[in-house]
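Each structure below appears as structure tokens.
Two complexes come next, and they have one chain in common, chain A, joined by chain B in the first and chain C in the second.
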Partner chain A sequence: MVTPVLDRPPAGAAPSPLRPKPKRDSPRDWRWSHRLAFAAAWGCGLALCAVAAAIVGYMGYRGLQYLDLGLLTSRPEASLKQDEAGGILDPVLGTLLLTVLGIGIATPLGVVSAVWLVEYGKPRALARAVESGIEVVAGTPDIVIAIFGLAIFQQSIFAPLSFTASGGGVFGRSFLAAGTMMSLIALPLIFGATREGLLAVGALTREASWALGKTRICTVREVLLPQVRPNIATGAALGMGRIVGDTAIVVVLLGATLQIEPQDGIPGIGLLRGTGSTLTSYVYGASPAGEGNAPQKAYAAAFVLLLIVLLLNAAVDAIARRSSRKAS
Partner chain B sequence: MEDTRDLGPADPFLDRSVPSLAPPVRRLRPDRRPVPVPVKPEDDPLIPVRDAAAGPERMRVENLTIRYGGEAAVKDVSLSIHQGQVLALIGPSGCGKTTLLRTLNRLTETTTSATREGDVLLDGEEIEQISVTALRRRIAMVFQQPNPFPMSIFDNVAYAIRVQNAKRPGRREIEHQVVDALRRAGLHDELAGDLDRPALRLSGGQQQRLCIARAIATKPEVLLMDEPCSALDPKSSAIIEDLIAELRRELAVVIVTHNLAQAHRVADKVAFMYLGDLVEYGDVDQVFGAPRAQRTRDYVEGAFG
Partner chain C sequence: MSSFAVRLRPAGGPWTDRQAAWRLGAVACLVLLIIVLMVVFVAVRAWPTLQHNGGLAWLGHGGDVDRQVNGMITTSRTPPATAYHLKAWPLVYGTLLTTLVAVAVGLVFAVFSAIFIVEFAPRRLRTVVVPAVRLLAAVPSVIYGLIGILVLAPFVGRHLITPERRASVQFIVQLDGTGVLVAVVILTVMITPIMIAIIVDALIAIPSGWREGASALGANRWEAIWGVSVRAARPAIVAAAVLATARALGEAVMISMVSGSRGFSPKPQDGVTFLFEPIRSLAASMVENVDAINAPAIRSTVYAFALLLLLSSLVLSIGGYVAKLPMRRQGIRI
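Right, the complex of A and B next:
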């Protein structure tokens, strides 16, 4: 026997207007301490956003005032008159080249050492030494890394990496030298991000692969690395930010010459052996707060620097997403 | 804790002093005592004949002891695994079922503290003498949690098919193998031809069947299943059980389960383990209907566990 359900509206009908609104969880019902913490969380988040927006907004406002195509496409010249001092082409190219070099060296090193540490990690003592070594590098100030790098690259064994004076003295300053030491700045970030990613992959996934008759290294290549690709990208993006923003290594190890000055020889190699500058050293050189007297150019260069960082981050993100789209 | 070893003589399989009625087997290791042969169902009037169509012996475990550090997780276990049969390992938590299962495809080796004594033979060959990658393609495994890789369905199965260090076959070359594995796992028709979906978007039961497809894609001789239904709903479990009944025609299945009703439904042979000891090993109807050891009787009646 079917009992009719009386107090339920037919399916699809609008709910009765007399029905009270469903109760929602509202901060008004919370304890005051929870409300305070909730407000503080919102407040901190909004304040950070406001600070970031203020910096970007101010730099955009000042930068766009002075930025034009001529500034971007002309090379800087040494001149006392501002309208003859040229643009920022060389620093922009120097920034891009140095970043690509630094990340290009740091990414394989960081990923491989993280894979070794998490997937093999034997002997334990060596693994601990590697881990704390990388922590030490992460904690070293960039000026120390720069001077240390100069001391290394001025050794005659590293002469092919830079310019050698007629007396046989090795200059020790070049894109290669600066890029190598820059990689040390990005390495701990890439290493840390990859390690966290690998640790987050469950033991089940590894065992599933081993149980299919795959070796450890095959599991790393085919299963684990594709899964941690977003982590590697995050580490690389953070590392890029550090490299792009670093000045000490540029000044000490890249020479901070106004123009990119390739060495003679094979064109590409000569460029890498040569000196140059980046936007950070340019901003320092042009800003009245630093050594120069061209605030307009400093603002424009700083804005371009910001754009480059954003673009590089977007590019890394796109690369990371490209092949992990299938996964989920 | 009461010592369970004194229960041994109650079980003729475990008691090595009782002369076997079965014909003598070939001695595999002359320096060892021969492995006791289980009483054949037709020789024992107490055991009803359930499935006389058991195939040839695939695996044989002889006096196997596994230790983690100093502690033995599996103690002196001997049993054999036949093609065309399902062997269920039952027992309370922590009794060594999973360790025993993982030893069969050498997964316990990945735990550094684990040591092994005794022999495990696959088709008469000691498994340590077979390269581990080849062995695991012949002894496949399905885990407790469905664990497909975060790739497409096709790539999950294709990953299993590709041989280590061999030239990577093209999609077209292995497509029929992938489809065949999915069909044998009863998943192909539900997918409606769309094999490029991410595997993680399937339901739990479908994911587990994908894992089975992945495991049987290399045409293994033995399929190990570690509580394959414990994370699934009853309907998915029933589908997997039907699948096991289907798969045992072509391979030997070893299944660890906590679900006694499931063991009763799917198994031909049952091994009851307790604190690392193999307490009882025999046909399913004998173990559930007329257990020889008191502890087995208590367990199957639900007295502890």
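Right, the complex of A and C next:
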């Protein structure tokens, strides 16, 4: 078979392009206003990195300078002098206890709400109301949630749950009160993560389970929930980050007493009914804005706080990486 | 895994679907109940202030708001109507000033940063920038406040405020570094990552065919990004601004630490001095007065502030939800 002469490239020469090569699209050829915008985008991106690095670097420097083991294992004391102000043991324990409480309440609520919304969601209007309701809760300032919690837990029916003054006045401040309100700020994150996870599960998975005669709720329990467990974990880690970092609820609802002060009664319950502090309220109190004015202690506590937040961030990354590796 | 599932099975036989729908639905509706309770409880406790100040007149200006609030602490258990007297304009002004400036500045930063992350950043760099944004969003506000009060404010006080400037207003306010400038700068750093996250999600969700279409018509890369991607993501940009406003309005602890905490309305006509004058926001004054909350007049005042913040964040949250709807209608889920 011989190709027609016209279609054959001339011997020895490279085939000539049908149309001119497109102009290079590099920022160097752009109009100056576009180049300016390009530079601005780069500048903003690099500035972000610089700010983040500066914050972590500075807090790390100050933290390592002032933090030592004795500080972590001794209890804080009220004192005007920085040297006698003791350590940060109680705030660290308070942070852990409050986080466990808050996330323990928020996780079941968030997961159940998300499951209902995605798997049932009838009537539609109610489902949409719940969805935007959770966005409203997410947008509500923590100080408003805190002050609302105070109004709730000062009601006398909740008196057994919180610190009570000797005269019988109900103060509405305790680990339980703070933990319950903390669950509200973690709830939207867990809800959102679970919802996205459930939406990402293909319809075939559900249909296969239904075809085997499983009910919807059984499908949820045995097929869907195990599949979205990484999403729930991500949401919980994000929620824990929010709880650890929140100050307003602690100041208003936990009393922000320096030491953990359990109430009388059964030991465990007394602790939950008692007041205490967390790292955030400790930093607030020890900064020049608070009464303590012990900046070195504040730096040390803030460093520990930042470490916890960084760890939680890393946990979110690790979960995401593991589940994406499993998927591929 | 199967043993886990077995343990989860409730006693008394498996639920039917109808039962499950009811029970899960009831839990999901708890959140609506909480919102209603929140509005009701806060409004009831705020009522005396609204009542004794004639509706919304307490938002007006007149007198020294700090003195008015401090005067309430000393009143008795059953305060007279005059004890509730409040003109909270300086607090409202301080809140609006910091919020609006921070959102406006932050939005510009956020749009350009989001473009950088989605379009320009080399792969290597993206693995640095994205965690940096997440980190900035996760840093607790009290740490921002600490940096503000221990690093930025002393710097401003020492190097930017001249002795003459300080002397010129010393009979009205003390300029010690804390004030409008530091508060706005830190608030901007705090809310920009929130906006970046929303805008980045939207830019990624724009179908690449749209941008390629623009390129095929001869647009260069920037024109395609700005004219197509950013334009299509406008609802998300609006939503980002709205949600960041809600966050900034309610920022209590950080503002309380770095703003100078004085119910003062800085006047723009003061020139540069304006930047260094102290302010106080609604949320900050709530945190600062919470210890005295057992005095009835203070309590009612604090709950009135809470009501104002609650209603505005409610409107803003719904506004953010509505702002995103046009993108959902195009099938882009953000």
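Worth pointing out:
Simple rule for what comes next: the second predicted complex is superposed on the first by the 252 of 328 C-alpha atoms of A that agree within 3 Å, B and C clash if a C-alpha of one lies under 4 Å from a C-alpha of the other, contacts with A are read in each partner's own complex, and residues count from 1 in each chain.
To be clear about the criterion, a residue touches a chain if its C-beta (ideal position, glycine included) is under 8 Å from a C-beta of that chain, and two chains touch if they have at least 3 such contacts.
As the structure is a prediction and not an experimental result, all values here were calculated from the model.
When chain A is checked against chain B and against chain C, the one touching more of its residues turns out to be C.
In the superposition on chain A, A:Tyr61 makes contact with neither chain B nor chain C.
In the superposition on chain A, contact is made by A:Thr215 with both chain B and chain C.
Touch criterion met: A:Ala129 reaches chain C, while chain B stays clear of it. Judged by the touch definition given at the top, the superposed model places A:Pro295 against chain C, while chain B stays out of reach.
Looking at the shared chain after the overlay, A:Ala138 reaches chain C, while chain B stays out of its contact range. On chain A, the surface patch touched by chain B in one complex and by chain C in the other comprises residues 215, 218, 222, 226.
Per the touch definition, chain A reaches chain C in the complex via residues 25, 27, 29-30, 34, 37-38, 40-45, 47-49, 51-53, 55-56, 58-59, 109, 112-113, 115-117, 120, 122, 126, 129-130, 132-145, 147-148, 150-152, 169, 184, 187, 215-218, 220-222, 226, 241, 244-248, 251-252, 280, 283-284, 287-289, 295, 298-299, 302, 305-306, 309-310, 312-313, 317. By the touch criterion stated above, chain A contacts chain B in their complex at residues 202, 204-205, 207-215, 218, 222-223, 226-227, 324, 326-328.
Put simply, chain B touches chain A in their complex at residues 105, 107, 110, 132-137, 140-141, 143, 145, 147-152, 155, 159-160, 164, 196, 198, 200-201, 211, 214-215, 218. The touching residues of chain C, when paired with chain A in their complex, are 1, 4-5, 8-9, 14-17, 20-21, 24-25, 27-32, 34-35, 37-38, 41-42, 45, 109, 112-113, 115-117, 119-121, 125, 128-129, 131-136, 138-143, 145-147, 149-151, 189, 192, 196, 215, 220-223, 226, 243, 246-247, 249-253, 256-257, 261, 283, 286-287, 290, 293-294, 302-303, 306, 309-310, 313-314, 316-318, 320-321.
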